[in-house]
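Two complexes come next, and they have one chain in common, subunit A, joined by subunit B in the first and subunit C in the second.
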Partner chain A sequence: MSNASPDRDGGARERLQRWLPKLVLSPSCVLVLFFVYGFIAWTSYISFSDSGMMPDYTWVGLHQWSRLWTSWTWGIALHNIWVFGLLYIVSCIVLGLILAILLDQRIRAEGVLRTIYLYPMALSFIVTGTAWQWFLNPGLGLEKTMHDLGWQSFSFNWLIDSNMAIYTVVIAAVWQATGFVMAMFLAGLRGIDGEMIKAAQIDGAPAWKIYARIIIPQLRPVFLSAVVVLAHLAIKSFDLIVAMTGGGPGNATAVPATFMYSYAFSRNEMGIAAASAVFMLAVIAALIIPYLYSELREPRS
Partner chain B sequence: MSFLHINNVHKRFGETHVLKGVDIAIEQGDFLVLVGPSGCGKSTLLNMIAGLDSISEGELLLDGRCINDVHPSRRDIAMVFQSYALYPSMTVAGNIGFGLEMRKVPRKERREAVDRVAKLLQIENLLDRKPGQLSGGQRQRVAMGRALVRDPQLFLFDEPLSNLDAKLRVDMRSEIKQLHQRLKTTIVYVTHDQVEAMTLATRIAVMRVGELQQLGTPHEVYDDPNNLFVAGFMGSPSMNLVKARIVEHDGVLVAQVATGDTTLALPIVRDREALSDWCGRDVILGLRPEAITDPASANHRDGNIHEAELPVDLIEPTGADLYVVTTLGDASVNARMRPGTPLRPGERTRFAFDVSRMVVFDPESERRIRDEQVVDSALEETA
Partner chain C sequence: MHSNHNRALVNRLGFALLPFALALSTNTMAADTSTDNQVEVLNWWTSGSEAKALGALKDGLSDQGIGWKNMPVAGGAGTNAMAVLRSRITSGNPPTAAQVLGYDAQDWAQRDALSSLDEVAKAGNWNEVFPQPLQEFAKYDGHWIGAPFEIHSTNWVWANKSLMDELGIEQPKTWDDFIASMKKAKDAGYIGLAYGGQPWQDSTVFENVVLATGGADFYRKALIDLDPQALDSATMTQAFDHLRELLKYKDDNSPGRDWNLATAMVINGKALYQIMGDWAKGEFLNANLEPGKDFMCFRTPGTQDAVTFNSDLMIMFDTDDAEQQKMQQTMAKIIGSPEFQIAFSQIKGSVPARMDLSADKLDACAQSGYEQVQAAAKNHTLMGSMAHGYAAPASVKNAVFDIISSFVNSDMPSDVAAEQLAAAIQSATS
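So, the complex of A and B:
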């Protein structure tokens, strides 16, 4: 007996040690499973149901999906997200790369400048949207200031111009994300072997050619990361647009996320909203899953 | 006028004085190796020759032309880097041809030049690959190809072999040497490996903390070192350094080493004139391991062999040689003997000292005590 008891004690402790991590992690696992994957499944189901204002579990097949794709507003939302996403991604990358290259010239106040460029990222989209709405509002911001300063003919009313409003959203979003993209490129630039640049100098390449031929081609992984991060931010973009334009004027700045929100909560068309939500999820998944797969697999090889 | 003349060159980074007035001159076709421990300024000097670092003071002349302020690409130099610094996004052919492309050489001519160099370095089958697909040795060849293709006046090598494994390093070393002999190019080569320096160089510059310690042929630097640092740095196993006292004994100048119960008296044959002023003073003796052997292996021809019986502390067979460790004065001393010499630790055996190869240093200044004119016969290698 006296011999067996420490053994049993040790066995119990060992068992506890083996089970403790699982015990500690299981509540959050259950919560994630339920609230994330559970609701994804639920939303997917709703998109095939006859739901209106309230969930209704009658199966109607692809009915809601066909209504979504024949909807005129959904067409506008898709067109807007294309314009917004493309301009947003391209501008952020071009500006971010230029800023990173300029900051990489061993300038003195680099730390301060880097922080300044990164700060917009610390703001929430709501704050960015509201601030830019004030700034671009013809009655309050830039245009009024110019008028007050005496430049009466100055006009900048894109925010209330239904043809141009989407570009104001692009401006605000680019302002917010450029610093982040810059930081990504800066990290990439710092990782480049200095001897390679020396070799290129001896080879007689001028600075712009060193960038174009040697450095930028090596930043390909950074480009990929930037595109993936920005693309999913673009598709998710909701709060910025709500704060800045509310999707308007009219439907001029409606995007899939605002479409989904208005159909789910103000137009009482939960089925269509669910279908649009599932569609957005599918697009983001199509971007993120291959990216994560390649990123997570790399260290092993 | 020498081909490359480094004239009293200084380098300062803010307060730190990295190079403190280096003077080196080499002729066309020379293979100059800058060697020294890390932090001695050898790479900085090379970067200054390349034009990648500015010169704080002094003058750099290449073929009679001052190149202090000439852009790296217009110095007519090529450099091989430690990390190879190949452009990963270009093919091997693109890498080798990049310098020509930047110099606006027509495509056809470029292709021919690349092919010629690829053939020389036996990398023709790799021309379409990317650097990422190459092994270390292949990358090394491509890096050399990139330098060779431009046919510059001066080649610079910055520790090019340090990233290779031991066997490949030896192979590449002899290839570089063959290349130099075939192409008769002028090379400045930086390394911290004194074996590389000895095997490759026609001129060695030994450096320490920004100062040139000695410039000479490998033979001079090895057998006739300027100071204790050079003596200790060159050669592996390194030179034995033993405390001794110079005395005159029956009209003969000897170096006395008190060792255990006896006193060893090694007659002075080299630098006798200078050492005659050192009678009764303490010095440091330098003896290469190969200058201490078993009596049968010693070169008795010149009558410069002095024998003594000493204890065997340790034996270290390397295959090619047998290193025997004994005690001389208060120092452990390495002797190189013929492999298979029957010895056991704890025994006493006769050691043969080749006193013609003995060098003597001032313990204070660490400088060599030497005659103005070096007697050539004393430097003849033992067979």
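So, the complex of A and C:
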């Protein structure tokens, strides 16, 4: 009796221990399955349906997709996301890397400087957008200040110029994310083996060569992470544009996310909105899945 | 039953779902107590004069012993409110009533979601007193489904009187006079036209220009019947030419400006005119200005014989609860009553939707506006506003916005704009 009891208890505890993680994880698993993957499937279905103001499950094949691709604003939105995404990613990485290298020179007050550069990331895009909108508005901000100071010929009206407005969004977005990219590179720089650099220095290699040949190539994983993080931020970008330009002037700064919102909620065209959402998901998946795949299989090889 | 089930779940999962379950059970409890002799009304009337105007309805209801549960959803000119409404109806928990615009009432009626207001309408003789073009929105399949609050018209010019006097400008009667007077203001260093560069405002000005250029028949053919031949025509090209000419008299800093800031430019004497619906009047009145003395209101030159309108409708949602049904009927009756129509428009700046009232109690602008609406209703020139969703459904309206705003913000040639407009409408209706 006294022998058997601990055994039975131990068996029960073991079983519980085996089941507990599954039990605890299962609700979140079910929720994610339903609310993420379930709704992805639902949205995909809606993109092939005749949905307008409300979901309507009549199958219409590729009708909504062909309307999406012939839409005037969708063309503008795609063009803008290319311009925005490319400039945003490249500028953030270049500026972030330069800042990280400069901060890595064992300077005084590095902590303070790092925090200053990192702070914009703590702001929400709405705040960034509103502040930059004020700053770049010719009647309120930079241009007016310059005029008040006596520089009458100064002109910077990109925000209200439909050909240039998308670049003002790039400026604000780069301002916000550069510090974050800098921090990523800084962490990468700190992880590089100092011995190699010392060896190069002993061989008499100039500093720029050490960076170009030794340090930057070793930062490859950081570049990859930065591109993936920035790319999905770019494709998701919505609040910054809404706060800064409202998609205007006209539709000059429309991007796929504002397009999707406008078609789903103010134009009663749920079908087209769903098609654009699925397209955005596909683009993000094309970026993220290879990245995750390479990240997850690396430890095994 | 519901909460028992939840509790069992909570025990089994070691409290992981506790907050979730609590939220569920409190929600069901709240829903049980909410229908006690009060109406829940979804609306986006949150600004000062709008909320005050809505108060007139609240008072009318409380005289009948009916409580008021306000459900305001601000922002997005009703877009947010409509998103909330959709989710409420999808989840099977509609409010008692909702404020809607244009085609939304028809869309809900098509889905059998609305209560019929035929009894109230018959008793109040609504078929006779409300103008025909408005009935097309408030009736579905011959049945009344919406109670109209008011009529707003969008072809108004608001002018700074002292600036007009200073520059020696008489109230312009023709389009050419109108342009000439703005030129005078511009030459004197003022802004001719206070302009807000947002899509709906671009299109409000555009529909004024179309009406002034082509007349009522052309407006109807192009923007209501959406006739491709009228859309891509020489007259439409000319309308775009006129719009381009008009845009010379706005200032460069207009993109994104809110309509009330543009109105403030007229109030402060920086700008001569603004083309805007009659809700702009509220801004002048709030600044303690008097119509006819401090500011002028007149129909956009060239559009004097016609009125482009929009109107708020109250729709009631279908329910099995007999008490709720009764309250819905009472609410519709109040909205359609002469006293309410006058009181509401006095505060909101509109004119009554009924055509059989005396305008004595309204201000000077609204009095002439009301006469013009009555005349237009008689002459079949009372037409829905494109920019405010009373000419075509939301999908078409926004396709028009796309082209007009692109035209305003670029140097697109007029004939290309007319062609693009026809193409965009074609695509939105396919």
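Please note the rule applied: the second predicted complex is superposed on the first by the 281 of 301 C-alpha atoms of A that agree within 3 Å, B and C clash if a C-alpha of one lies under 4 Å from a C-alpha of the other, contacts with A are read in each partner's own complex, and residues count from 1 in each chain.
One rule holds in what follows: a contact is a pair of C-beta atoms (placed from the backbone, for glycine too) under 8 Å apart; a residue touches a chain by one contact, two chains touch by 3 or more.
Because the structure is predicted, anything quoted here is derived from the model rather than measured.
Engineer: What does the overlay on subunit A give for subunit B and subunit C, a clash or a fit?
Structural biologist: Taken together on subunit A, subunit C would fit alongside subunit B, as the superposition shows.
Engineer: Can A:K209 be said to touch subunit B (first), subunit C (second), both, or neither?
Structural biologist: A:K209 contacts subunit B only, not subunit C.
Engineer: Just checking: does A:A252 make contact with subunit B only, subunit C only, both, or neither of them? Give me first, second, both or neither.
Structural biologist: In the superposed model, A:A252 contacts subunit C only, not subunit B.
Engineer: Once the structures are superposed on A, label A:W72 by its partner contacts, choosing first (subunit B), second (subunit C), both or neither.
Structural biologist: A:W72 contacts subunit C only, not subunit B.
Engineer: Looking at the overlay, does A:S162 come into contact with subunit B only (first), subunit C only (second), both, or neither?
Structural biologist: A:S162 sits against subunit C, while subunit B stays out of touch.
Engineer: So, does A:G61 touch the first partner subunit B, the second partner subunit C, both, or neither?
Structural biologist: neither
Engineer: Could you figure out whether subunit B or subunit C reaches more residues of subunit A?
Structural biologist: Tallying touched residues of subunit A, the top partner is C.
Engineer: Using only C-alpha atoms, work out how near subunit B sits to subunit C after the chain A superposition, in angstrom.
Structural biologist: After superposing on chain A, subunit B and subunit C come no closer than 47 Å at C-alpha.
Engineer: Identify the residues of subunit A that lie in both the subunit B contact region and the subunit C contact region.
Structural biologist: Comparing the two interfaces on subunit A, one with subunit B and one with subunit C, no residues are shared.
Engineer: Going by the contact rule set out above, which residues of subunit A touch subunit C in the complex?
Structural biologist: 23-24, 27, 52-54, 67, 70-73, 137-139, 157, 159-160, 162-163, 245-246, 248-252, 262, 265-269
Engineer: Where on subunit C is subunit A touching in the complex?
Structural biologist: My answer: residues 13-14, 16-17, 76, 79, 82-83, 86, 90, 104, 107, 111, 197-199, 202, 252-256, 393-395, 398-399, 402-403, 405-410, 420, 424, 427, 430.
Engineer: Mind listing the subunit B positions that touch subunit A in their complex?
Structural biologist: Listed in rising order, the residues of subunit B that touch subunit A are 47, 50-52, 71-74, 77-79, 81-83, 85-90, 98-99, 102-103, 146.
Engineer: Please output the residues of subunit A touching subunit B within their complex, sorted ascending.
Structural biologist: That would be residues 193, 195-196, 198-205, 209, 213-214, 217-218 of subunit A.
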